[in-house]
Amino acid sequence: MTVLTYRPAAGDYVWTFGGTAPAARVAPGTVLELFTEDCFAGRVRGTGDLVSRVIEFPFVNPQTGPFHVEGAEPGDTLAVHFVSIEPARDWAASTTVPLFGALTSTHLTATLQEPLPEVVWIWELDRGKRVCRFAARFGDFTVDLPMDPMHGTVGVAPANLEVRSALVPDAHGGNMDTPEMRAGVTCYLGVNVPGALLSLGDGHARQGEGETCGVAVECAMDTVVIVDLVKGVPCPWPRLESDTHLMTTGSARPLEDAFRIAQVELVRWLRSDLGLDVLDGYQLVSQAVEAPLANVVDTNYTSVAKIRKDWLPGGTPMGGIHEMLREQAAAYLATR
Amino acid sequence: MTVLTYRPAAGDYVWTFGGTAPAARVAPGTVLELFTEDCFAGRVRGTGDLVSRVIEFPFVNPQTGPFHVEGAEPGDTLAVHFVSIEPARDWAASTTVPLFGALTSTHLTATLQEPLPEVVWIWELDRGKRVCRFAARFGDFTVDLPMDPMHGTVGVAPANLEVRSALVPDAHGGNMDTPEMRAGVTCYLGVNVPGALLSLGDGHARQGEGETCGVAVECAMDTVVIVDLVKGVPCPWPRLESDTHLMTTGSARPLEDAFRIAQVELVRWLRSDLGLDVLDGYQLVSQAVEAPLANVVDTNYTSVAKIRKDWLPGGTPMGGIHEMLREQAAAYLATR
Amino acid sequence: MTVLTYRPAAGDYVWTFGGTAPAARVAPGTVLELFTEDCFAGRVRGTGDLVSRVIEFPFVNPQTGPFHVEGAEPGDTLAVHFVSIEPARDWAASTTVPLFGALTSTHLTATLQEPLPEVVWIWELDRGKRVCRFAARFGDFTVDLPMDPMHGTVGVAPANLEVRSALVPDAHGGNMDTPEMRAGVTCYLGVNVPGALLSLGDGHARQGEGETCGVAVECAMDTVVIVDLVKGVPCPWPRLESDTHLMTTGSARPLEDAFRIAQVELVRWLRSDLGLDVLDGYQLVSQAVEAPLANVVDTNYTSVAKIRKDWLPGGTPMGGIHEMLREQAAAYLATR
Amino acid sequence: MTVLTYRPAAGDYVWTFGGTAPAARVAPGTVLELFTEDCFAGRVRGTGDLVSRVIEFPFVNPQTGPFHVEGAEPGDTLAVHFVSIEPARDWAASTTVPLFGALTSTHLTATLQEPLPEVVWIWELDRGKRVCRFAARFGDFTVDLPMDPMHGTVGVAPANLEVRSALVPDAHGGNMDTPEMRAGVTCYLGVNVPGALLSLGDGHARQGEGETCGVAVECAMDTVVIVDLVKGVPCPWPRLESDTHLMTTGSARPLEDAFRIAQVELVRWLRSDLGLDVLDGYQLVSQAVEAPLANVVDTNYTSVAKIRKDWLPGGTPMGGIHEMLREQAAAYLATR
């Protein structure tokens, strides 16, 4: 088992998918032990650190990577198994951002109204008790919510010669902001360029579905992933697999288009890998699917379609690579 | 405890919210024991019963009601507590409908393409085992999914002098198609006309989130509700309360507008009934909310915002009527 | 030539399409000389008359009608030819309305922001010079814009047993707010109920495309129309015909759905009435169509597809009724 | 007057905005005499040349450039004045493209339906008579439409370190596909990177509003532009100025967001350059604006807001550079 440990120095972060040289070249099967900074590049540390003052665009949402996976070619699928995602600090930050978020007009949903006030919340993380503590800014209410660490941003270099900001979710993955991207899950990403060029970042100690204000409980993460390849199998939009569920994603606007993409992709996956007829799949998905929203705030909105594996015909989605990676993860964890 | 039992005769169903005389007048606190037909008016009984042949529009989605609730006036909120929702038959039906559903062009998302084929699935319901059996039409796969009965359509007469088809979800409720409308839940509906004029129907033995093909596992239901009033409290969009969660809904297009309405309504509810500041509520909801889609197929799409009560400041939403109705429901069930 | 003159008394206006008894029964071919109030029911007369103070919802956008057209049955098309549309006063009013309009959040595109200020503009109309004078409220700029009178709202009783507010545009017509609804044009509306039940109102001395703030240069009108029937020809969405153009409309959200409906309807009209193949029509429309937006503010947004008749194959759209009505209009005008 | 003539060799075209070295460095005020290939890179020459066969993605929509304009820095505005746009051949091509266009499901508006058939139309261009001849493929109808040459794609390198496909319209310009981009117009583009990096292409002999099928009357062009700079003046979204109109654009999905951007930008332009109060501008625009759709088919949809200059307060938008460039264009044309 090859293990690569990588903690970027301040100048090592990347701010895009595509367009930068690899941080490292790794063979399929490599374990990556990574540090990821929070989306503010660590600059929002107190309630006085307003994003409009401490962040200089476009240097927001730093990514750790990219990793060139040897042998990855367009038409293949990259499998990224999340072994563990652990908050690297005992606090996290969230904030309103002027003209960003679902419950305000934005630069794209433009109005003549004034922006909402800019307010920062600092969340205490109790990593022993696995909770995140919310404290109201305009009252004395506090509450502990379960910690549920995840990565908002995971992706590869885009197709069509493009380079995309790390704030964008699209067919290459990127800033999908789905709480389903947690430890134990394998994320499948279609390869667009040789080496795939995987990066990830934007850790959230937890996040609601839709990421309503546009900012989650943002924190730096110590994350371990295993990367692998499914050769010769394309993956038009990012997919996820857990021990219990198959999941597809779509990222688009309006939100119903994101929903449609994820649902069509799920019907097609059930056909290609499990042999279910398209119309039978349409019917089964209609009655069995969960549709947890990921984000309704980013450049594209992201919708997830999620179905229980034990409700599906037998088969080995993506060639059974998730089970294999689960075993490797267990082996890795046993050696720590 | 006053109990009214009402099983409509064939000609008694209504097809709209508003526009018809009440089936009965009832006092707040009345238990209604109701029969509701399926959305096909019971006409789809086998795989040969195509909707395009057996249904004559607009006679689709029959509703049981309306009930005039004495004392209900504009500005009040009607509380409808679902005591029980039980399939009235041992089968249910689903189907594709030409130019209806999320994964096809429609009369509103119009294209020049051909419609998908029209196919009917008959689901077996095992009410003892509480499962719905799916059988593929184009293969021999079968699977049992958990029964989770719900009403797709619950509403009152609309505001603005309107009469709306029972296929429409909007601020008056109607065809919201959310799986959250299950037994144990209280549904709050703002009153627009004297007597409120409550109707319900469209029972589903179960449904996926989003109701992808536009048709759930449709079946007739034996349903018991208790109706009550929250005087002097408005409810701009339908809300739901369970023992564990507060939920708000929004119905609009595009889907992000439905999402925005539900989320804004939740932030406002936390402010009005639990005293949480708007920006603090925005932050807490952003990290704590679940956003299960209801439908992405009807005239308006419906999004739900759902938050755990034990994560909220103490208080008695809607004056604590849900707890009171839970007790009445228990008393009623004890006498059966 | 039968002429009916109708000036509603204060209590005679209607506020919905459908749901009210006819004001009069008229034979096809009848000339209707009508008075229509402005959308404020005449209550906004000065800059101090804020809508939030002087209007009591839902009593906004009063309609003149409905007229039962003898012989009109579902499946027919009602033809409404606009002979003349003349401002009935020498002033008109416009205003911002809190949480209504394209450049503000609204009740449907909900945000947590404050509404824009409520401001009224009174426009002077010079009916001799055919101009509308704008005077800035926050500066001394004035400008004369050409008068181009039109009706924002024209429709019939809806299908599906519905009654719709006069603020709604949909397949039955209603509040489409297109500047194309001017004198010289014939408007085609599919008949949904016996007698069709035509109403109209919401005169605008002029309006920009999209009706950005949601309110045009609103004024009472003296309007003359001739009503007629095209028997046995359906009209799924409202269409317009001028001496030079065929036009179709679609009303839906999001706006691209309104665009799609109008464009599909135009391709289909060219096929059914002028024999152009669907794909050839798709190509010709793609290169030849104008797509003037009507409104991007109402319950549904309205898009118009407009093509020059002299670029089309020969034929008689809608049986040539527009030409016939033009001749009748000329005959009527000659007698005044 | 400095003139640069540039006719790219086959390998010289670029397929993105950003991400490539400049073809040339030019001083502000330079006249560029350019050749642009059609969007098919000249490969669709007959009705048998289906895009799915002759085009290899992503090599579609070739651009001529980029040009580094000396002195251009972020925060400045690039002015591109179109002196002339002339078809370089006596034919042009259009086509349906599988799963692309407004009247079909697409990769983003995904359904389970079959795509429409792929059909090519070859248009004859009569450059003397200034007409484009449509010939039906499935019938014998032909018609001559006025030639109205324009560029679908004009843009600079994007902000945020991005590189975008030439198929994308966004704040950097790109594939906006507006028929307003014709000779005599000045296009304003905000500068995001030193030198701006202007490219253009995608000539259309003519195009309908919305570009319904996604493909216009596509042809190679001989085009002359003059480039210049407005130092220290930002331009958040592309703007256009003709002798008679000011125009703003927005590119986003859903289409109402594109509309909102363009309209907000116009209100803001009237405030910043002509001193009109925001609410007065909102009112005047609401009654005076034209809103011709550009495209409802690309990755983002593009809406234009257009207002007559003689209806506006006096002033010199963008410092009066359009008038200056018009004089230079006249001087250039006089010397040819």
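Each chain carries a letter (A, B, C and D) given by its place in the written order, and its residues are counted from 1.
Basically, a residue touches a chain if its C-beta (ideal position, glycine included) is under 8 Å from a C-beta of that chain, and two chains touch if they have at least 3 such contacts.
In this text the structure is predicted, and so the values were computed from the model without any measurement.
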item	value
Same or different contact residues where chain D meets its copy chain A, judged by the half mark	same
Reference chain A; chain at largest CA-centroid distance	C
Distance between the centres, which are taken as Cα means, of chain D and chain C, whole angstrom	33
Distance between the centres, which are taken as Cα means, of chain D and chain A, whole angstrom	35
Euclidean distance of C-alpha centroids - chain B vs chain D, Å	48
In chain A, residues with contacts to at least two other chains	103, 109-112, 116, 253-254, 260, 264, 267, 279, 282
Residues of chain D that touch chain B when the two form their complex	103-105, 109-116, 254
Of chain A, residues touching chain D in the complex	15-16, 18-19, 57-58, 107-112, 159-165, 167, 250, 252-254, 257, 260-261, 264-265, 267, 278-279, 282
Chain D residues touching chain C - in the complex, by the definition given at the top	94, 96, 102-103, 116-117, 119, 121, 132, 134, 136-139, 141, 143, 145, 206-217, 253-256, 259-260, 263-264, 267, 275-277, 279-280, 282-293, 296, 301, 311-313
